[in-house]
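One structure below.
Chain nomenclature is as follows: A, B, C and D, assigned in order of appearance, with residue numbering initiated at 1 for each chain independently.
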Amino acid sequence: MDSKVLTDMKYRVWQANLALAKANLVVLTWGNASEINRDLGIIVIKPSGVPYEAMTADQMVVTDLAGNLLEEGSLNPSSDLPTHVYLYQQFKGVNGIVHTHSKYAVMWAQSGRDIPPYGTTHADTFYGPIPCTRQLTEDEVVTAYERDTGKVIVERFINDQIDPLAVPGILTIGHGPFTWGVTVEKAVENAIVLDEVAHMALFTEMLNDHRDVLPNYLLDKHYFRKHGKHAYYGQG
Amino acid sequence: MDSKVLTDMKYRVWQANLALAKANLVVLTWGNASEINRDLGIIVIKPSGVPYEAMTADQMVVTDLAGNLLEEGSLNPSSDLPTHVYLYQQFKGVNGIVHTHSKYAVMWAQSGRDIPPYGTTHADTFYGPIPCTRQLTEDEVVTAYERDTGKVIVERFINDQIDPLAVPGILTIGHGPFTWGVTVEKAVENAIVLDEVAHMALFTEMLNDHRDVLPNYLLDKHYFRKHGKHAYYGQG
Amino acid sequence: MDSKVLTDMKYRVWQANLALAKANLVVLTWGNASEINRDLGIIVIKPSGVPYEAMTADQMVVTDLAGNLLEEGSLNPSSDLPTHVYLYQQFKGVNGIVHTHSKYAVMWAQSGRDIPPYGTTHADTFYGPIPCTRQLTEDEVVTAYERDTGKVIVERFINDQIDPLAVPGILTIGHGPFTWGVTVEKAVENAIVLDEVAHMALFTEMLNDHRDVLPNYLLDKHYFRKHGKHAYYGQG
Amino acid sequence: MDSKVLTDMKYRVWQANLALAKANLVVLTWGNASEINRDLGIIVIKPSGVPYEAMTADQMVVTDLAGNLLEEGSLNPSSDLPTHVYLYQQFKGVNGIVHTHSKYAVMWAQSGRDIPPYGTTHADTFYGPIPCTRQLTEDEVVTAYERDTGKVIVERFINDQIDPLAVPGILTIGHGPFTWGVTVEKAVENAIVLDEVAHMALFTEMLNDHRDVLPNYLLDKHYFRKHGKHAYYGQG
């Protein structure tokens, strides 16, 4: 394997994990970010339970596409690795995944509710409600908890025919958010937006019991202002 | 054009944008500030989608009063430029405008409600409720969304006969706040106050379902303590 | 006047004001702290509307006990000076006063409610509910607003026979908190505690509609653990 | 006594107290952490009422297992020392204890409610609800308040047959949280988790009146993923 490509991947994944800490999305050692290189057949992910301030790029864990460790003397990967593996297998356009226990997203996950698209801050990144998974069965939890967390995520996107790149995140019920993107940097950005949107939606509901979600034409406007070939936000 | 004046404008607009980030009113690349020089016929505004930490004074975008780019090789201006242009055309005393997605202001905007003047913190800056616009129609959104965002803002000030310098800000429904002032520094300050007041009002309502807004004589007292010829707050 | 004593007073008042900013109790130029020296017949208070980061000890304003400026070329004192003056006249044991628009205290002030003593964090500093004043009449506001703000504060302590050193703070309705103490440092500390207690009480109510306030024997225990001759908290 | 062991204990207890401040769990001089060495028969605890920024390792107070001071010229120990002593006597596997007035935990303590296990963030550290003690009687408060605070804590664990190492913390009603662990570092970590979990649970309830707690099989899964001989989280 080209060692320069791998070094760069480790660096980016390390930076992505540090960005989660800097954005106050993680407490203690919670949270993890990973990146896939589909051509080389490798995934790089944060090690399990290592403090952010002591973590080095070098410690990022390398696995094959099934999640098997590829390097001698590697640290243990994040225990959520099987969820990442499953999502990479099912969501072909996704190259970076982030999981956190960020406060406001967790509050919604614990409430078992989708986050309604109350505003353009939401619509700029998520083209529709941010879904919440169903509860895993006892059998799923006992047998293959982390992989089946991936399974109930994908199930929701299939059942509701949602494009995972148009709604780049989900809440796993009673647990917390997973976000993703075409790069790991984009997955981090989506994790930041998700928590911010969750915070805003929480108190929007408190202010107005009868508030409306955005009309579809405004949801379209804001999402396509930033995404697709007619996008005109940013420096193109 | 006098290059010193332009350099100074770019510097002030750059500083105003950085002040939004420092006051925790913006996340990622959200938010924008602009300034107008009516004599020279120019507007200077933040470029679209540039990270705050990498932004330079030099990158501020210069347009004419209709929003046409005036400099070769300019970055794309903030996508909200047409809103700024429209507001400058209609609000003659305004020389600086700020737009953010600051959390607490957005919560109120998403709830579709005006912010009632519950206290003197509000009255010191906003002489009455902080209004929330109506929803734009599908036609308005599809045709000229950003300009018509300006249009529904101005419509509310005309319909309710509100002086935009006495109530220097508004919530655009489902979106977020715009604030303004006689300088861009004042527009930034008003954005800070608006978010703080939105936070306070949110939980004032939770504490007391039957709370009163300020009596008019106290609204008058606080507003005119800081504004107009009888003001006695500050160093005059 | 002994210039060393005055220089020290200015330094302490300046430091007290900076401490308010450091404790996140003030936004922009809001808030003010003062100290009295009853023997010398002087009050030192923050100037009005000066940004905290630019403020110097030198700029603190010196007045006599009626609030008249004593130094040539002095800046304007805080517009709340007459409230401080009135409180110093009525509360003989008080030598330092602080006023802020700190968020959580203001939420309660805007709701027009006393803060009930829900916990020992409250009882350690405030021996009973933190009172909220009545609304000033139009006449009071128009005639002598700032002095009469002092008047309605004192009125509440007299009517309810509260010792201002046992309950060293109040909410002025629709406005915000005043706190005080035997020193200006203690007044700052009480302002910090008041906002923290206001935050805790706000959500205590949300969690339990039927919560109790502390039983009197526990209120006594905590207050007298820290105050009076049987106190055993700290290095006394 | 081996002075190296004692110096190390003082250093760890000092660091643990500083970690509480760094994690924003304490205001002013509130909060305290202690460690026990059962072989040597000593407890080291924070002094009472000393500001965190001025505190030195040297100032940590050393007592015997009954809480009697062992060093000449020692500062006064935290007034909560008798609670620590009682807990060390009753909870044999516990070697570090932390007490704070952290905001969100206090809100629950003031509401008098156990924190239900709404999510995996809770279950990763607390294997079941986080209990809240009963109110102390007047007699208990007057006679031996701090020791009896320990007594009502232990009473709850005995009555409900809870293992203190499986649920390493409690809320003392109207007061605040105590947490513990096999080391003082772990007790600090548990204090951080408790406040975070309290925050999440508060707004989970606001979002959904009919939310469920975690099913037992998921509570088991998450707790035993991190604890016991089948744990697979971290670097083992």
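Criterion: contacts are C-beta pairs under 8 Å (C-beta built on N, C-alpha and C of every residue); 3 or more make two chains touch, one makes a residue touch a chain.
Just so you know, these numbers come straight off a predicted model, no measurement behind them.
Engineer: What's the overlap between the neighbours of subunit C and those of subunit D?
Structural biologist: Shared contacts of subunit C and subunit D: no chain.
Engineer: Examine where the copies subunit A and subunit D touch and state whether the two sides share over half of their residue numbers (same) or under half (different).
Structural biologist: Different, since under half the interface numbering is common to both chains.
Engineer: Looking at C-alpha means, what's the farthest chain from subunit A?
Structural biologist: Farthest chain from subunit A, going by C-alpha centroids: C.
Engineer: Averaging only over C-alpha atoms, locate the centres of subunit B and subunit D and give their separation in whole Å.
Structural biologist: Averaging C-alpha atoms per chain gives centres 47 Å apart.
Engineer: Could you give the separation in Å between the centres of subunit B and subunit C, each centre being the mean of its C-alpha atoms?
Structural biologist: That pair's centroid distance is 33 Å.
Engineer: Residues of subunit A that contact two or more other chains, please.
Structural biologist: 206
Engineer: Could you draw the chains as nodes, link the ones that touch, and say if you get a line, ring, star, complete or other?
Structural biologist: Shape = ring; chains linked end to end, path closes on itself.
Engineer: Pairwise, which chains touch?
Structural biologist: The set of touching chain pairs is A-B, A-D, B-C, C-D.
Engineer: So in the complex, the part of subunit C that touches subunit B is made up of which residues?
Structural biologist: My answer: residues 27-30, 47-50, 75-76, 79, 101, 103-104, 106-113, 135-136, 138, 141-142, 145, 174-176, 202, 205-206.
Engineer: In their shared complex, at which residues does subunit A touch subunit B?
Structural biologist: Against subunit B, the touching part of subunit A is residues 118-121, 189, 192-193, 196, 199-201, 203-204, 206-208, 211-212, 214-215, 217-218, 221, 225, 232-236.
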